[in-house]
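Quick one: the structure is below, questions incoming.
Chain naming follows the written order as A, B, C, D and E, and within any one chain the residues start at number 1.
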Amino acid sequence: MEIFVYQKGNHFVEEGFSAEQLPELLANAGNLVWVDIEAPTKEDEKILSDVFHFHSLTIEDARETRNQPKVEAFADYLFFIVHGIKVETNSKNFVTKELDGYIGKNFVVTFHHENFLSIDTVKRQIRNSPYVCGRGADYLLHQILDELVDLYIPVVDEFDDAINEIEERIFRTKTPNDEILEEILNLKRSVARLRRVTSKQLAVLYRIAHGEFQLIEESHLPFFRDVHDHLQRVSDLAESYRDLVSGLLDIQFNVVSNRTNEIVKVLTIFSAIILPLSLIAGIYGMNFENMPELKTRNGYFFTLGFMFFIAVGLLFYFWRKGWIFEKDDEKAERK
Amino acid sequence: MEIFVYQKGNHFVEEGFSAEQLPELLANAGNLVWVDIEAPTKEDEKILSDVFHFHSLTIEDARETRNQPKVEAFADYLFFIVHGIKVETNSKNFVTKELDGYIGKNFVVTFHHENFLSIDTVKRQIRNSPYVCGRGADYLLHQILDELVDLYIPVVDEFDDAINEIEERIFRTKTPNDEILEEILNLKRSVARLRRVTSKQLAVLYRIAHGEFQLIEESHLPFFRDVHDHLQRVSDLAESYRDLVSGLLDIQFNVVSNRTNEIVKVLTIFSAIILPLSLIAGIYGMNFENMPELKTRNGYFFTLGFMFFIAVGLLFYFWRKGWIFEKDDEKAERK
Amino acid sequence: MEIFVYQKGNHFVEEGFSAEQLPELLANAGNLVWVDIEAPTKEDEKILSDVFHFHSLTIEDARETRNQPKVEAFADYLFFIVHGIKVETNSKNFVTKELDGYIGKNFVVTFHHENFLSIDTVKRQIRNSPYVCGRGADYLLHQILDELVDLYIPVVDEFDDAINEIEERIFRTKTPNDEILEEILNLKRSVARLRRVTSKQLAVLYRIAHGEFQLIEESHLPFFRDVHDHLQRVSDLAESYRDLVSGLLDIQFNVVSNRTNEIVKVLTIFSAIILPLSLIAGIYGMNFENMPELKTRNGYFFTLGFMFFIAVGLLFYFWRKGWIFEKDDEKAERK
Amino acid sequence: MEIFVYQKGNHFVEEGFSAEQLPELLANAGNLVWVDIEAPTKEDEKILSDVFHFHSLTIEDARETRNQPKVEAFADYLFFIVHGIKVETNSKNFVTKELDGYIGKNFVVTFHHENFLSIDTVKRQIRNSPYVCGRGADYLLHQILDELVDLYIPVVDEFDDAINEIEERIFRTKTPNDEILEEILNLKRSVARLRRVTSKQLAVLYRIAHGEFQLIEESHLPFFRDVHDHLQRVSDLAESYRDLVSGLLDIQFNVVSNRTNEIVKVLTIFSAIILPLSLIAGIYGMNFENMPELKTRNGYFFTLGFMFFIAVGLLFYFWRKGWIFEKDDEKAERK
Amino acid sequence: MEIFVYQKGNHFVEEGFSAEQLPELLANAGNLVWVDIEAPTKEDEKILSDVFHFHSLTIEDARETRNQPKVEAFADYLFFIVHGIKVETNSKNFVTKELDGYIGKNFVVTFHHENFLSIDTVKRQIRNSPYVCGRGADYLLHQILDELVDLYIPVVDEFDDAINEIEERIFRTKTPNDEILEEILNLKRSVARLRRVTSKQLAVLYRIAHGEFQLIEESHLPFFRDVHDHLQRVSDLAESYRDLVSGLLDIQFNVVSNRTNEIVKVLTIFSAIILPLSLIAGIYGMNFENMPELKTRNGYFFTLGFMFFIAVGLLFYFWRKGWIFEKDDEKAERK
């Protein structure tokens, strides 16, 4: 647990307070108190109920880590749950982390079980330029949400790359394999998760940004709208990726059926040319005593010639059908 | 029928009353009366009309068991229908059970044809800590709904497992079979049922949780919102499962077409290599009298050599096409 | 045309009036007059305009039979169009029938070109227990709509059976045939029609049931809501059938591609095993003079043995690939 | 340009006025003036700006013919754009035509580049029964829209036929061909166009029919609602055709895959029966010196018998698999 | 940076002012000042904050070029982001460009990193006919948006062509290839992008056109509605292209499966006719000593005749099945 206190007019942020000093610090309306609780202990949880007297349901929510984003207004504070995001190293996947928090007239409480890069960033910011705190608890909240949402952008960029890569591989691969299908499936799930996470979070930001809560000063609403718009862009992209990803399965399927078509064509051409020739060879391999052709002088050579003629004829027929050596006019038109 | 009575200020819940005592118990505004009717008899139904004077339509609804979740407000009581859920043992399926009920100023009536685990749990709770009843009839209702909704969560978890398992089997199976299709179909139906059940129930909880009914004290609304949010999560998951399950059919189809592609490839390679060789053998099996090659000394060995050469040539050709022994550069790129 | 008159306080319903008596009967506010016009004649239509003075557009609507369900309020009466339904005997299909009607302070007019089972039922009811009429014109309307909507339920049950039956047949059929496709298509159309009919009708019932019209007494609204809820269930089921039916096409397609996969596998295994053996036979069928093997003593038997060896080897290869005699571990895992 | 003037109380409609008389005619509030401008000249356009002083944007819209349906209210007139429809002869296609118009207290202006059957019909009507004009400019507008919308109905009926015809052909055709695909595609486009056109137009009619504009007398609203309902039916049908048409592609695809399955089955049965027999023939065609069977007396006949036995065995195997002569129990069940 | 100043009553627009003169020019309420900043420098950005005192968030937005269209109202100015569009030469693709801007009582500021054809057009317009400026800042804004939206129309027309071309190629191509798939995929992405861009922009124009902002004079709203309607048409077309494009994949797939069906048919017919003949030849190629037929005089010719008979019989069989030479009645029906 870290406690940051900024007193109006000061040029610095004080740190290093203990939990016991909190009631006193909060009592001074001129203070802005930020309590950041990471990896909370039982004692930390007690502060929520005993010092801040937050509603028991919200404390329960904070304790768990499977909640959806939401914001709820109470008499003199807001409770919010938002989700941060992180691309996993060595993988195209991402994880979400729950950040619970409260904001009141002169305090912000953040409560999280995992480390948040965005919160660390904001801590650094207020140490360097404490004036951020001077604009009130709601502006500090904005700062945290802003950093948190900005980390969504690399995730969608990652997706864009992943989709492009799979697409390329679909077209390049000669031997259809299940690996691509599995990757498409994983991507589909990830995109669905991203959509679910962002859509709930958007609703939360929308409510905050459109002046539903009196604790957010009206002149700060544009800043929250800005955060909302950033996440909206992420959400729109996730939505469009959904279409693209489920289109990939269709493409993959089309490519495989193109490949199969090609294979069957090879099979057909081979069979259709060689089977008739084999029949002829078979006929002249029969052991009838009376087969006049067999005795002719050039029968063998005529037969070979006839076979050659049939083969050429069938090749011509398949070429006309456009199955081999794509016809020139088609190629020409293609350009 | 079981009757529980909690008198304000007491530290215990009284039980063991008979139906005849009900009017008297209800007349005392300081009492909270919970009438739980399981597997109702004709006499039990009469209590609804003769003691409580509930609307005849609601009693008809309670008698049946094919109703949708709903909540309806009457002058001094609410009538509600909600659905409990249970995963069936030895199967991935679930069953829903209808719970009808009424709530008034100082009473709760629950009416159900089947046993409800959640109701048993609440009974145990109020015996252990009767203070739950001290917060009024609406809080007792919340307690029941909370337990009832919590039982939905194992059902969706079960689905998650089932989907993953089928997915794995799709990729592992070498011989496409209808069993997987049947399972996907069953899963699809179950997910559709879950979506239908939860969406109606959500609407009921939403109306209760957003202060539409005066019988629910405003300070208790957050508790109902909490129940609503839990079910919302179930519903969102069911919605996302829907996408996943109908995606499974596509995946299965893609896998089968990959398999077919592979099989046709084997057929083509075998045919394309052996048919030409057979033709050559056939030609030299012809019985023409004048076939000079037949008389040469090494004709046979040259012919075998020629066959070998053709076979190798075709194998090379198919390898170039990427049909056999996937080309190294492709494999390399894949990593 | 049949006229039913119930006078407040009476214990019976009078019948057998003629059109001429209508104005007089209607003038008595204590009367509830129900005019049921089946297979209307020109004179019947005149009553609508000359006795009741209904809006000309509504009379035009009543004359036609291709209208959508709707309800329209006029100064002192409501005009409504609803659709009844009937499962056709000897078929899984259903037909809808249009019922036009008017309701005023003390009258109900029903106007239909075809016989309605539900209207006959209500006639029987009011003859047996005339008190139904004592609750007013709106309650009588409710009675008619209630019976009419109840007849929708067997239709959806029929669909449920039909879908299950087709599904079973899809999996059972070994020879894919177009019949199943045609039936799926028919079912799809029927379900689409049912959805269209119910969705419009729901809108009508919703407007009536939610107090939009003053002619419906507020205390009767729960009864209309009840009718609405019943139809809602039908509509929800129709909606879910839609998904199921269009899923059937996918299933059928998957099954056919499984079948094709199986067939191609048989073809491939046969060809791949027999073609090489035929080649060997062909080689030793060549007529070269110098083929040392032919002269060996056991050449023939060695060759047969070699063929057998190749056949077994290929069978083993295909078994390893999982194409024949599904591998044991797979079977085991499946359980 | 044609000008029709109806003076209140008259029993006839006057025609044959010139543009110069318009201001005078309009000044008389007792007149209803209908100016119909077909294939407008520059002078006609000037009337809109100089006589009627309509907003310049509306005149620009009227000049063009690629506008969407819309209605816009100005201080003392309404501007509307609606689309008429016409089935093209010798084709299943339809064309839409734009009708621009204005309606004021005592005038209606219709402005169109192409001939409208519906407008001609209304002209005939008002000549025969001028009382139509007696109900005011809005009623005249209703008359025009009513006729215009009625012409949509043959178009949707045409579609119904077209879909049925294609469907039948899909099932009947033995040789899958691209023609059907092209027709389905064309139909799909047409239906999409119809949906687009009707949905915009519905919005226009909805706004008019629901009393948004004061120029439409309240007692005339039911008439506009009637027109709206007619178009709604067209739109609903178009919507349902959409589903049907895109379902046709699935059906076509299923039928083709059924056909392919059948073809592959024939191929497999032929190959699987004849290849083994050919192998046997090949074996006994080998030229080994020591092949004892060849010298037996009935070897040939035993071999033929053996071949026959194998053929029958394989036929039986395929019959058991249900690939030939569908098994009787299956056929029985099907009925 | 270019500055245009129009003083009420003047017949010309003054140019050539420097940034230093701006405060003075703006102070004169009779002036309309348009500041167009292209490819902004640091100094240009400073003007936004130091001269105009715009909100810092909007200036940040203006600096970036990855923003979504939006409009935001501040005390005495509006900030807007819209996207212009340009078809790329030598490609069917398009690029979008961001235009940021502000509008106040007597000024318009446009801020863009790339050149805008539409802005150049408006500059030319106001030089030629300065009266455009006389209608105020909002009308000038309308002029810019109007030109900007008009450039969307060639883009959708381009799409229409592209879709038609691909469609034709799908049907014409005999050898299914991946190129078409890649083009469909690209088209799909482009259409999705266009939809995304237009839908956001429509929302912006809707808000402006429906009188949400006081800075837009009410009498100018029809002009903005006009712009909105134009973009609406683009958006509707993009929406309908989406359906068409994703339908192309289905069509392509159907065409490929038709092609495969045809190929398999050829293979089957060849195999099924020649394999039995080969078997016969093989049988008479066996070396049994006792094969009576071999010694008959015309055995060879009878055998040839028998082969011919079988070939004709099978051809007839396949013709009956409709696999070759489509049956006449079918062809007839097709017309």
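To be clear about the criterion, a contact is a pair of C-beta atoms (placed from the backbone, for glycine too) under 8 Å apart; a residue touches a chain by one contact, two chains touch by 3 or more.
Predicted model only: the values in this text are computed from it and were never measured.
Q: Between subunit B and subunit D, which partner chains are common?
A: C
Q: From subunit C, what is the lowest number of touch steps before subunit E is reached?
A: 2
Q: If you apply the touch rule, which chains end up adjacent to both subunit A and subunit E?
A: none
Q: If you fit subunit C onto subunit D using the CA atoms, what's the rotation angle, as a multiple of 5 degrees?
A: In short, 70 degrees.
Q: Validating interface symmetry: for the copies subunit A and subunit B, is the fraction of residue numbers used by both over half? Same or different.
A: Different-residue interface.
Q: Quick one: report the Å distance separating subunit A from subunit D, using the average Cα coordinate of each chain.
A: Computed from C-alpha means, the inter-chain centre distance equals 39 Å.
Q: Rounded to the nearest whole Å, what is the centre-to-centre distance of subunit B and subunit C, using the mean of the C-alpha atoms as each centre?
A: Chain centroid spacing, subunit B to subunit C, equals 24 Å.
Q: For subunit A, what residues touch not just one other chain but two or more?
A: 253, 257, 260, 264, 267, 271, 275, 278, 282, 285-287, 291
Q: Ring order, please: subunit B first, subunit C next, then the rest.
A: Here the ring order, subunit B leading and subunit C following, is B, C, D, E, A.
Q: Residue numbers of subunit D touching subunit C in their complex, please.
A: 167, 171, 222-223, 225-226, 229, 232-233, 236, 240, 243-244, 247, 250-251, 253-255, 257-258, 260-262, 264-265, 267-268, 271-272, 275-276, 278-279, 282-283, 285-291, 321-323, 326-327, 330, 333-334
Q: Can you list the residues on subunit A that touch subunit B in the complex?
A: Against subunit B, subunit A makes touches at 55, 57, 61, 66-68, 70, 72, 169, 172-179, 181-182, 185, 188-189, 192, 196, 246, 249, 252-253, 256-257, 259-260, 263-264, 266-267, 270-271, 274-275, 277-278, 281-282, 284-287, 291, 293-300, 303-304, 307.
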